[in-house]
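Presented sequentially are two complexes of chain A, the first with chain B as partner and the second with chain C.
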Partner chain A sequence: MDYFSAMDISASGMTTQRFRLDTVALNMANASTTRSINGGPYRRQQVILGERAMQPTFNQMLAREQGLRYAGVEVVQIQEDDSPPRLVLEPGHPDADARGFVRYPNINPVGEMVILLEAVRLYEANVRALNAGKEMALRALQI
Partner chain B sequence: MIENLGGVTSQVAWLALDALSLRHQVISHNIANAETPGFVPKRLEFSQQLHTLVNSLGGGAAALAGTPGFTHEIDRMREELRAGAFTNAHTDQVVEIDMEMVDLTANVLQYRSIIEAQSKRGDLLRMAIRERSV
Partner chain C sequence: MAIEGIGAASAITPPAIPGTQAAQPAAGSGFDMWLQAQLNTVNDQIMTGESNVRKLATGEEGNLHEVMISLEKAKLSFELILAVRNKSLEAYQEMMRMQI
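On to the complex of A and B.
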């Protein structure tokens, strides 16, 4: 059995959870950005994950022949959250509209923290799976 | 060659080791996809088939050990395993991370115990070859 391919599965899980963590960091950092690159307030970015299919590379095809049928997970898309911006009354603010409201990003810090926590825990779970695979491989050397 | 030395137990044990490492991949895949929308976790269940295989030997287990017929049966089941024959969708539709972790730990323990047993078996063989305890 090919242990390295099995480790690839856990590695893909770790990569995607890291990516989610990065996105949360980006959202938190821009929680009060009123001028984004595209104009208007910053919009919350959300990561869409999807099951990864086997790639037609040599290594993956070889692994498939040896019985591996799973390739883990991947980031399918990064989508902007379309929910309306948070309106705050700040008449003196340069970005305030005619009524004195400033459009702040649609970011809820509590929600972001929940995603952060979840991503960290899932990262841990993937590390556990990786270590379990490593231990099995090491044991196999001891026969 | 070594498989034949160990007899029927070894052949079944190797098959079980193969199946367990495949199951490890299935569990890892479930954990990696814990947050994937619409993902249905999978489960690899092979103990029933292994039971049937061993029971099919009946009383003549020793006689059948290493015979082409039995080796063929083992190979057939291994091929089925690799083709994903025993992999089914989980009954529950979402990944329960704690259950997956439990499965993962149980899987490693099972793998370790088989390896331990096989290495003890190797010790016995070594003792027989050297005509003294090792």
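On to the complex of A and C.
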């Protein structure tokens, strides 16, 4: 049914915002990780979002031909931040280099908090949009 | 002309009854089929919602909002079929109240 398409779009938005929240949580948890899986300090993960491509089903192709867009959004890729690691002087640390500097992850907790808040607010906005669509459908049923 | 008119009138009445008889099962089956199909859709959606809830409870499905949305879809479809049922019942009762 047609009014379900708005729900699917909002659902994709919620899924991606939840994914951003997961990534922020991962970054925060690894804010002082000096040994990542790939070796060296942990690198900040960033989520790249993109518009979801239409599925090659008949309905979606027809909708695209009619100029309707109901694909939504999806996570395109997760990219590592290439900015240099934070150098902290801790000569006694096992991971310290010859000069006594330890390379800590390039994570700024304040910036992560901002992304976290944004993800939460956008999730709420998606819920709001979904509820609005639901209200409209219910109002139509009261005719 | 007059005789032909009577003939035409008598010719019209007999096909009118088979016409309605032929149309009635077709129209009835059409609405019946539609209603049945809609009921099946609603039932499927309720079942999907239920299985999603089960999946969430067993940890198979991680997305809370997907489950809620499938439940909402089921609810909306049910509301639609309920509205259709109320409308047709209302029309039937209106017919029953009609003075003959």
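Simple rule for what comes next: the second predicted complex is superposed on the first by the 130 of 143 C-alpha atoms of A that agree within 3 Å, B and C clash if a C-alpha of one lies under 4 Å from a C-alpha of the other, contacts with A are read in each partner's own complex, and residues count from 1 in each chain.
By our rule, a contact is a pair of C-beta atoms (placed from the backbone, for glycine too) under 8 Å apart; a residue touches a chain by one contact, two chains touch by 3 or more.
Bear in mind that the values here come from a model prediction, so they are computed numbers and not experimental data.
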Fit or clash - chain C, chain B, common chain A: fit
Touched partner set for A:Gly72, first chain B, second chain C, both or neither: first
Cα-centre angle that chain B and chain C span when viewed from chain A, reported as a multiple of 10 degrees: 40
Comparison of chain B and chain C by chain A residues contacted: B
First (chain B), second (chain C), both or neither touched by A:Arg18: second
Which of chain B and chain C A:Thr57 touches, first, second, both or neither: neither
Touching partner for A:Tyr3 - first (chain B), second (chain C), both, neither: both
Touching partner for A:Ala129 - first (chain B), second (chain C), both, neither: first
Which of chain B and chain C A:Ile48 touches, first, second, both or neither: first
Minimum distance between Cα atoms of chain B and chain C in the superposition (Å): 7
Residues of chain A at both interfaces, chain B in one complex, chain C in the other: 1, 3, 10, 130
Chain A partner contacts - residues on chain B that touch it in the complex: 17-18, 20-22, 24-29, 31-37, 39, 81-82, 84, 87, 97, 100-101, 104-105, 107-108, 111-112, 115, 118-119, 122
Complex contacts: residues of chain C adjacent to chain A: 63, 65-66, 69, 72-73, 76-77, 79-80, 83
Interfacial residue positions of chain A with respect to chain C in the complex: 1, 3-4, 7, 10-11, 14-15, 18, 127, 130, 134, 137-138, 141
Chain B contact footprint on chain A (complex, rising order): 1, 3, 5-6, 9-10, 12-13, 16-17, 20, 48-51, 66-73, 118, 121-122, 125-126, 128-130, 132-133, 135-136, 139-140, 142-143
